[in-house]
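Look for chain A in each of the two complexes below; its partner is chain B in the first and chain C in the second.
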Partner chain A sequence: MFEAFIQGLIMILTWKSMLYLCIGVVLGFAVGILPGLGGGTTLALMLPFIYKMTPGEAFCFLLGMHSVVQTAGDITSILFGIPGEAATVAMIVDGYPMSKRGEAGRALGAGLSASLVGVIIGALVLLFSIPIVRPLVLSLGSPEMLMVVLLGLTCISSLSGQGKRALLLGLMSAGFGFICSLIGQDRQAGILRFTFGQLYLWNGLPLVPVMVGFFALPEIIDLAVRGTSIAGDLPEGKLTAGVWDGVKDTFRHFGMTVRCALIGVFIGILPGLGGGVAQWLSYAHAKQSAKTPEEMAGFGRGDVRGVIGPGASTGKEGGALIPTVAFGIPGSSAMAILLGAFFIMGIVPGPDMLTKYLPLTFSFVWILIIANIITVAASFFIMGYMAKLTLIRGSIMIAFILFLCFIGAYAESNSIGDVVVMLLFGWLGYLMVIYDFPRAPFLLAFILGKMVETYYYISATRYGFDWLYRPKVVIIFALVILAGAYPFIQNKLRFRKGGVS
Partner chain B sequence: MNIAGRTWMSITLMLISGGVFINALQWPVKAAIFPMTIAVFTFVLAAIEAFLGLHLKQNDKETSTMDFKVASAEDLDIDEATVRKRVLGIFFWIFVFFALILLVGFSVAVPLFFVIFLKIYGKEKWTLTIILAAVAWAFFYGLFIWLLHLPFEDGWIMDGLRALGIFS
Partner chain C sequence: MKKSIIAVFAALLFVCLQVSGAAAAAAPYYAGKVIKIVVGYKPGGGYDRMARLVAKNLPKYIPGKPVIIIENMEGAASIIAANYVYNIAKPDGLTMGIFNRAIPFAQLTKLQGMKFDLLKYAWIGSTAVEGTVFAVRSDLPYKTVDDLLKVKSPLMIGCTGTTDISGQFPTLLKEYIGLNIKLIIYPSSADIMLAVERKEIDGRAGSYSSLKPFIDRGLVRAFIRGRVAEKGTEGLPVNEDLAKDKKGKAVMFMFAAADLIGRPFVCPPGTPPAVMKILADGFAKVAADPQMQDDARKSSMEVQYTSGPDIVKVIQSVFNQPADVIAEFSRHVQF
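Up next is the complex of A and B:
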């Protein structure tokens, strides 16, 4: 195993991999500080570029890009009070007041260094979880894998929404995702399903145009509706001295930083919760660390711990990779898109990642660490210049994103059909966003549809109905029920508590 | 009767899953088992949601996704009509880009779209418009044609002219 760990490092230390890693980091940084463009969207837009890369290079590019988005997103949250990413909102609460007080440098120093500590802890958890997860995954057969996927889908469906009907809407989205995955020639009997006489649809709906349309077009519409430049007319934050004081603050509160990073890891492992929840929980924990009412009152007015806590939640990146790599269950939309990259590279996540592709899996640990070291080091030098990107006018952003959407969709297989698919799924994505249907369950079901069908078919034909009584299947099914019931139980408990108080 | 958009989507999903189930009846069991299971599952869920949407007096405002949200009239302090106009406007421009790609192909559509979009929609100055169009075209040509050698269609107009023998 140690050999594979070193091979993982060697894999990314080639000049090509490092070049792609640096390009990914630069893109991720730019995307992170641009509120109009999400990390998931950019991952989807960049998928067409990985076709000619080796798996090592492709993941250096994509994972390097993705892992720095939140770190960079924290910069605009602190400087302008505008979250670069949906996941960096909690950083505003104390980061922006610090900027207004002229302590932008200290806030940035604390936020960025906490973010680096968080990522490193997340990567280490990923590293040490591999030997534990490996025997577990290898002991699972098709029926168990089917139930694990269902568990992931139920978790995502129940946790990706709020309210009484969130689970229902999530499961409907997943059902529709499965239906879309049916299109094309079926693997078992060779029957053409819903191809409508089109040769183009024989291989099913193409992954890249679906994801590009699904994520990028709603964001373009949002930019158009806002009708402004990204940062509006807000003044640029002062980047005065104090950066090193912020770094020292992180190490002064090192215990809290580590705990917040571990909260991030835990949230990352749970499918569907995402970075926003990780940041808010970490913020809440940081706030709990206040010892007196006066200290508590300082939160929200520029307490540096309120910056360190959310910053350290980047541990979620390592955590989210654990279920993605080991079980093929992505922890978030961005991880679902990354899962698409696995399939494009011809790699099926799951047992293979822990045997045949073990060095590649270990390379993820290195990519997370190296990409974030580069980002944090570079941030200290160029943050002022990069922040100016937020002043780009909305119309210019729309033109470029739209261009990338069309070209990205077309480059998948040089077919106008891909562009049509991208537009149709862009429209569907927009409808889902405005009518509160969560997109993550749809995407996950669409990506995993063929794999689930194979597991289901093998389980049904090989074991008949007996597979339903296998002990591991029963246990995982109980977890599925629990995951589905969890929001209701939580609501009941909250209601009861409210009633008592 | 005023039916909310979410209910319409649920009814559409009921129809789609019903269609999947009926089609699957004609396939061999091997190919039909999974689609039928999924179709029944989705149909039932969509029917419940449609029923709730139609029979609850007010739309369920409590349920929301933890996903990205498109800015609403309320968020921006503008009226609904303006939001609708902007949404329709951007859909129109997306269609324009697509139509240009079909008619003149990517290599002409990219700079042409940048010029008309930035000039009309963005009301940018000519200098900036031309610079950005050139940057976009250089990126497109440099990466996709020069470096990756991807084949791009010339568009219907060029194909038509070729068919008429005007271009070879």
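Up next is the complex of A and C:
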């Protein structure tokens, strides 16, 4: 096995493979930075180029590209408050406020180093889980998935603000998210829900335009109202000074970074949940690590832990490869396209990947690590310049960011409906900011709502009521209750401590 | 009077055709042009992969070697793309569309929001037939269709919806052959296969090309196929032969139209016949191209060209069924 591990490294250490890896990384970086252009679409565009490559070269190119997209997307989220990728929205919540405070350098340093740690942990999990991966994935059926999704939903409470009023507003926000997730053709009976005769709405509200509108437009309005640059009127020196502080922050909170990376890995393994969920749950976990109410209140206003958590969720990259490699069953659209690459190479993913093609499987671990080291290292060289972008006059930046928003939303399905949805949700997002409604619970419920419905339906039609008695369901449900009650217990404890002192 | 007007028009038309013919001879129509293929689905699926193979290999068979690009316009099971090609794209031969092979059923059941008449498109043809098979887990003790007919508790069959082939094919088997089936709906084919893998469900129906890797690997075994055979499925029992009554056979016959239509390519209505001929010839040639076939095989697809007029005949055979058969069909098959 160790031999295969080394063979995997040798396989990609040819100059040609490394060249393709670098090309892939540059492409992935560009795609990640630009909002709207998604990793999946780019993979599909690049697929025709691999026909003449060897498997080692092809996966250096494709996987190298895919694995750095989120890392690069985080940069856009931090600097401009618009999601570079659908999966990097949670990075905005604390990353952008840090930029506004003139700490773009520190935020980038922390986010990128956490992201690298996340990828490495994900790759290591991929490495060590290879022998046990089949039983692991097969042990989670639809009823268990339903419970895992419910577990994800308990994060709504920690994503809402402090106090009863904030929790109520958070729940209302999540309820609205649920309603929005209902829009479209229902999967079970084919009934059209809230589509108002529009074909555009058949597939439901598109995720990217909703998110770009919801998070970016209110920030743009805010920038226009303030009339300054993103970082306000701060002296230039301070901006770039913080990069190493950010890196140190990641290692100061190393335990949390690892836990967030593992959350990412777990979400990555589960098919269909997607990168957005991974980043939100990592963020929620980071927020729960706050020890005092004051600390808790600091989240959303630029706490560095709120950047490290989402950054580390890149552990999902390694996790997502697991079902694809072991079963030939993709967990996301990007993985589906990567699966196409397997077939082009004449490889049938499945049990063979763990025997005949073991070196190739191990080379994926190396590719993930090397591609991200290159990306993060290169980013550190240009980080100073990137951070300075936050000093450009607001009136110029607004035009540029708005342009990116429109392109990003429109690129989703080349439909004017995407732009309308973005503007509508931009308006809604602005209202929610004004009236203190937290936006994260909406998004979590919007993404997970459809899955709750789907898995509940499958569990009920497949097993009747029997699924309720499955041992794993009971265990995860107990965790759901614990996770739901945890913030309240935590509050009580804090109160008591406060009372004593 | 009327005759003379017709004569004048005929003469004008003749002159026009001559002129365009002469122009074509001078410089190929497609020289320096860009053709756009509108795909009704997201990148990565079967339709998208086929379109990208065509984009890669077709240019060398079109005089003037145009560049071909792909535009993904997903939504509403590709009705949005079909509406776009029919109503908005210019009929200049620079836009093609590829959409859902089950689209005749949308028109048959008069789907709301559909804004086209399939028979009026300028049809290029289809680049593949997509035979449907019904497959069940190999580790179950069933070897023949008779074994399946004898099961006591229902077979749990995964599908992606009652409005697509993966749900409709088993529904017809249940209705007309008497298979004891319960449908469980999953978000995607990938989710279905994972559920099969962990034994949550017993099998599924789907295109042979998408199931082939799992059949080869021994996870599932194909039991029944639709009328359209592919290399490797010829020996399987055909659903129409297993059906007991005449109406059932007729409904299954209609249903097989989608398999024949496979991967349909069209241009907007009113695209000039001269341009259509160039495209149709190009498609016929590229389908026989060894490079194209090799590329396709690597993506686990088979290329087989069916001409536009033949596809139109298939669609007409669906539309021209007696009213009672159509009513029976619509009872089970919604788009």
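FYI, the second predicted complex is superposed on the first by the 275 of 501 C-alpha atoms of A that agree within 3 Å, B and C clash if a C-alpha of one lies under 4 Å from a C-alpha of the other, contacts with A are read in each partner's own complex, and residues count from 1 in each chain.
One rule holds in what follows: a contact is a pair of C-beta atoms (placed from the backbone, for glycine too) under 8 Å apart; a residue touches a chain by one contact, two chains touch by 3 or more.
All figures in this text were calculated on a predicted structure; none of them were measured in a lab.
When both complexes are overlaid on chain A, the residue A:437 reaches chain B alone and has no touch with chain C.
Contact with both chain B and chain C is seen for A:189 once the two complexes are overlaid on the shared chain. When the two structures are aligned on the shared chain, A:197 is found in touch with chain C, with no touch to chain B. Once chain A of one complex is fitted onto chain A of the other, the partner contacts of A:419 are limited to chain B, with no touch recorded for chain C. By the touch criterion defined above, A:168 reaches chain B but does not reach chain C. Look at A:400: by the touch rule set out above, it reaches chain B but stays clear of chain C.
More residues of chain A lie in contact with B than with the other chain of the pair chain B and chain C. Touch criterion met: A:457 reaches chain B and chain C at once. In the superposition on chain A, A:410 contacts chain B only, with no contact to chain C.
Contact with chain C, but none with chain B, is seen for A:329 once the two complexes are overlaid on the shared chain.
Comparing the two interfaces of chain A, the one with chain B and the one with chain C have residues 188-189, 333, 414, 457 in common.
Chain A makes touch with chain B in their complex at residues 38, 52, 86, 159-166, 168-169, 171-172, 175-176, 178-179, 182, 186, 188-189, 191, 193-194, 217-222, 224-227, 273-274, 276-277, 333, 393, 395-396, 398-400, 402-403, 406-407, 410-411, 414, 416, 419, 423, 426, 430-440, 452-453, 456-457, 460. On chain A, the positions that touch chain C within their shared complex are 40-41, 43-45, 47-48, 51, 137-142, 185, 187-190, 197-200, 202-203, 271-272, 323, 327-331, 333, 336-337, 340, 343-346, 348, 350-351, 413-415, 454, 457-458, 461-462. Contact residues of chain C toward chain A in the complex are 42-45, 48-49, 52, 56, 71-77, 79-80, 83, 112-113, 156, 160-163, 182, 184-188, 190-191, 193-195, 197-198, 200-201, 213-214, 216-217, 295, 298-300, 334.
Only residues 4-6, 9-10, 13, 16-17, 20, 23, 27-28, 30-31, 33-35, 37-39, 41-42, 45-46, 48-49, 52, 60, 62-71, 76, 83, 86-87, 89-91, 93-94, 97-98, 101-102, 106, 110, 113-114, 117-118, 121-124, 132, 136, 140, 144, 148, 150-153 of chain B touch chain A when the two sit together in their complex.
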